[in-house]
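In what follows, chain A forms one complex with chain B and a second complex with chain C.
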Partner chain A sequence: MWARAVWLGLRAPLGGRRGFTSKADPQGSGRVTAEVIEHLERLALVDFGSREAVARLEKAIAFADRLHAVHTDGVEPMESVLEDRCLYLRSDNVVEGNCAEELLQNSHRVVEEYFVAPPGMCCPEWFNR
Partner chain B sequence: MLGRTLREVSAALKQGQITPIELCQKCFSLIKKTKFLNAYITVTEEVALKQAEESEKRYKNGQSLGDLDGIPIAVKDNFSTSGIETTCASNMLKGYVPPYNATVVQKLLDQGALLMGKTNLDEFAMGALGSDTGGSTRNPAAHCGLVGVKPSYGLVSRHGLIPLVNSMDVPGILTRYVDDAAIVLGILAGHDPKDSTTVQDPVKPFMLPSLTDVSKLCIGIPKEYLVPELSSEVRSLWSKAADLFESEGAKVIDVSLPHTSYSIVCYHVLCTSEVASNMARFDGLEYGHRCDIDVSTEAMYAATRREGFNDVVRGRILSGNFFLLKENYENYFIKAQKVRRLIANDFVNVFNSGVDVLLTPTTLSEAVPYLEFIKEDNRTRSAQDDIFTQAVNMAGLPAVSIPVALSDQGLPIGLQFIGRAFCDQQLLTIAKWFEKQVQFPVTQLQEFVDDCSSILENEKLASFSLKQ
Partner chain C sequence: CALAWVYGVSRHRRGAPTGSTSNWIRGQSSLAQQPLHTARKPRKGEHKWAAVVGLEIHAQISSNSKLFSGSQVCFAAPPNSLVSFFDASLPGTLPVLNRRCVEAAVMTGLALNCHINKKSLFDRKHYFYADLPAGYQITQQRLPIAVNGSLTYGICVGKRQSQVTTRTVRVKQIQLEQDSGKSLHDDLRSQTLVDLNRAGVGLLELVLEPDLSCGEEAATAVRELQLILQALGTSQANMAEGQLRVDANVSVHHPGEPLGVRTEVKNLNSIRFLAKAIDYEIQRQIKELENGGEILNETRSFDYKLGCTVPMRDKEGKQDYRFMPEPNLPPLLLYDATSLPAGADSQQVINIDQIRERLPELPSVTRERLVQQYEMLPEHSFTLLNEVGLLEFFQNVIKETRAEPKKVTSWVLNTFLGYLKQQNLAVRESPVTASALAELLDLLDSKAISSSAAKQVFEELWKHEGKTPTQIVSEKKLELMQDQEALEQLCHSVMQGHPQVVMDVKKGNPRAINRLIGLVRKATLSRADPAVIKAILEKQLSCHGSCPPA
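Let's turn to the complex of A and B:
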């Protein structure tokens, strides 16, 4: 539980804005609850940012709900229009690479040949420092 | 020279009537004069002039590489270009310089084409003019009086094209004439070992025959495309086009694509879902924008993405993630994939009944003025404007928009032909015949530029930027 509290605490400085649950929105589906908002923001690592954004999602869901009117019993999902063809696989030989320097140049934070990331959430020592 | 066909310009270059450097400079002059349109994100003058010099040498030695040698081209800014900034018109990729060329870019450069620059687009090609995968080659073509070709999915490599929807994205071609598009398609098509979604069928550059007899053709008119929102002008042109084919002996029949009314919804779910996945790579670590926050990875990712993406992009990511949630996956994502099959099957059934091509509008009307356009939000706009173009992306079929006439307001209107999968050559052959019948007026570039210059002198124009 402490990890969750820390997570919420850390998020606050990012301009925390709360209370975006959609109330009865005539065009919405009422599906975007506070839990859903938090869950989606966590998964997507993108925040809603405003009430309008929540309302837009409500509308998008209501729009998508129209799909349920289509009869799809016995219909297989289509993943690719090329499903009847054999996927090309090249032979497992190294033919290119050795471009670490070029690739590292595109990053803002690099140390020697490493991309540098801030600490993840699984370091209790870091939080207790 | 700037209004001629590709072959004419190529011939002029071969005969020395104009040199690649002169051609290049004429283009850049026009680019400078039309800068207020904000059409280019990056103009690559040095690169192009260097390429032009090399092209000139080749022509002097009689060793031109082909039809595209010395021809100026522009590339949308979601194609990777080695050493040249590639941004997708997004803050997220501002300053990003790819270390490689997209396959299609490489193919054009190998043929000696001159890269003028990277053109503007809606952020990550999620514009309401059709996202990159829903018509954003054909819609702008129709609005601007150009030929816009969407090849069959799997014909042209997507390697280096920053992906939006992997199962629908296709590089598109914009030119003034069908023949020019065919030349370019002939160069770009073909299997690419770096893109396993390209088919392995052999492909070679093709010349379009000049059709004189259309009496053996069967043209299908999908009745579900006759929607109330269709402007009377477009409707009238569509009808006239059908009559034209009939009067020349072709068989023109009504056909049905029963699931048409669901294609926008289906596209909406599949597109946002794939986008949610594709945009996940932008976390600020390896490339692209990175925020200053260093507290934790999650905080860094979240702030980077908030700063890097605009509302439209973030909205789609959130929608997509919603549809992909465990509790929603079956009811939305899988459901949409099933509906996609029904839509694709509609086309298969029609083509199996003997139809060679479908003839439809490309857009509901001529281009809408900006102030009116921004009244609706992006999803609504997409839903409305992509109606004729994006079912084609879901079925993976080839399609082309041909400019037909100017509206009463003097704005271009185009019509669309849809072909069978991998019958791109046949599709373009028919389109070429139609283009010849229609004789769409060629843009008088010099007049236009002079008019613009005088308007700019007389009025103080506010920002013309269509994107922030």
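Let's turn to the complex of A and C:
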């Protein structure tokens, strides 16, 4: 995990509607801080191993920001391309399951019909390794 | 929890549902006698404390199959035997919504007076944990299926906790979401074993507004919710089996000041511990603040053995769930009688009005009916419903006995329930059956035995030796004397044997007659009805002894 923070380019909250470069950032440098990189790595379990990876991320964000060129004031956001589709309702019958053996074959380690999770998968220390 | 209410009333009035404020005011004055929420006696002019409790409740939906897949929902089964490819999050699988779960959500929303959103949406809530194979949970964060409802519950007030007053807690929203699997931590071998049987089971998350102010209110509200869910059949709501999980958010503040920092208390798997944990946490926060400390916004767990809350492992700052719309599910659309599309497949549409018409009788209506039908007090109806199996027992006795309902109510709620409580038994563990009690009450009703004899018979029945009430009565010779003449003779001879007492009666001493009655009763070995004895004595006394018995 490595990232070089040049200066604080990001003011908008994560996941905010406006994305990472906001009107609040007058320089518009599009730099992603080390803090944000660490946060993303913890949340998404990805590894921004190099300066190049961070640069690629910054370019991707800049590319997506071109969406701001479209005026969307007063337009209802589309949340799903399926919005006009009918949500199919299934009847409450048992039709699946009973395939423990098959499923367990996918697991690297198994103990008596239980999946074995990698050690420490459930504690914060793992995220801080 | 009186103190919170002294201030709570004004706080609640600001946004409170109508109709219940007057009850709160009544409740307030009768609660004023109860102890206050303070760690020590407040100094003059010092502010008192008010506690605020908000509950998040997860109820497992009672359905055959899971929320988005066709694998079975079942409590104890071999590990990973109830898991479909979708539940295991194998690539290429998609969620398919279970109609029954939607109906359960609508029914629950209607029963809690919610507004049902005709359009609701599904989202993904992301976090990593061994028992969440997909890395996200499908839930309804943006637009849940039901909002803005209320849950009304009855709380005991008064000098002897004998009166019931109703209070209401607002329901913020109800949403459909997936349950996770189960992880078993094997610390010895540093590994975590995962069973996905529970992964994907449908849950109803109910978020209550922080209108509660103490453990008792929270416990009562949750109990009422349990009864409602069970009456609807939407969840079996058994806390011990994890079908109902409650998390409590607790904070304290001085009335009039802003709300305090809240802590979240988890791992509450019984109603009793729910109340204990909340009250402990309230006191802990008050003590901490009064000692100049501060409350951390943390998650705490309730330790049953120690009877206190302890901090859970610290979460990494604030959790960021990165909510996003579930891309594989279109919006969920519900209809009512007016908006139902013509010619629609009945299996593919959900009609809110139809569901409303088919709602079963809710506990509050059942209680009302009991009060009307059997002329019992409201608090009796609450007790009958609160105790598992008691209502059924009561109704079975009513069916089989000639005795009047008020007598049945009294025997079931006082004698029967008293014995159960003393020995910490559930109704289904009772050694006395409804039929046995019905037979006993018939004997009492026909005046074959006195009420004190009946109590004796009941005690014998409790020993569960297989005898019927009639058998016990004859074995122990508890029958009431039916021979009027013999009784008159006895009265006469007792009066002859105790001239002083007779003199006292004639002098007008009101207690003397009771002494006479007592003497006659002893002579009959308690086999005579005191009222009958009294009548005979009075008749004989009025004759001034000049009309001896035949």
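Throughout what follows, the second predicted complex is superposed on the first by the 84 of 129 C-alpha atoms of A that agree within 3 Å, B and C clash if a C-alpha of one lies under 4 Å from a C-alpha of the other, contacts with A are read in each partner's own complex, and residues count from 1 in each chain.
The rule is short, and it goes like this: contacts are C-beta pairs under 8 Å (C-beta built on N, C-alpha and C of every residue); 3 or more make two chains touch, one makes a residue touch a chain.
On a predicted model such as this, the values are computed, not experimentally measured, just so you know.
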item	value
First, second, both or neither for A:45, with chain B first and chain C second	both
Contacts of A:66 with chain B and chain C, given as first, second, both or neither	first
Partner chain(s) touched by A:88 [first = chain B, second = chain C, both, neither]	both
Contacts of A:114 with chain B and chain C, given as first, second, both or neither	second
First, second, both or neither for A:53, with chain B first and chain C second	first
First (chain B), second (chain C), both or neither touched by A:79	both
Doubly contacted chain A residues - partners chain C and chain B	14, 39, 43, 45, 79-82, 85, 87-90, 99, 103, 106, 109, 115, 117, 119-121
Complex contacts: residues of chain B adjacent to chain A	96-97, 99, 153-154, 167, 191, 193, 196-200, 259, 262, 265-266, 268-269, 272, 276, 283-288, 290, 293-303, 305-306, 309, 311, 314-315, 317-319, 321-323, 325, 331-332, 334-342, 344, 377, 379, 383, 394-396, 421
Touch list for chain C against partner chain A, complex	63-65, 69-72, 78-86, 88, 90, 96-102, 121, 126, 128-130, 142, 183-185, 190-196, 313-316, 320, 322-323, 325, 327-333, 347-348, 350
Residue ranges of chain A touching chain C (in the complex, touch as defined)	14-15, 39, 42-43, 45, 79-100, 103-104, 106, 109, 111-117, 119-124, 127
Residues of chain A defined as touching chain B within the complex	7, 10-11, 14, 36, 39-41, 43-49, 53, 56-57, 59-61, 63-64, 66-70, 72, 75-82, 85, 87-90, 99, 102-103, 105-109, 115, 117-121
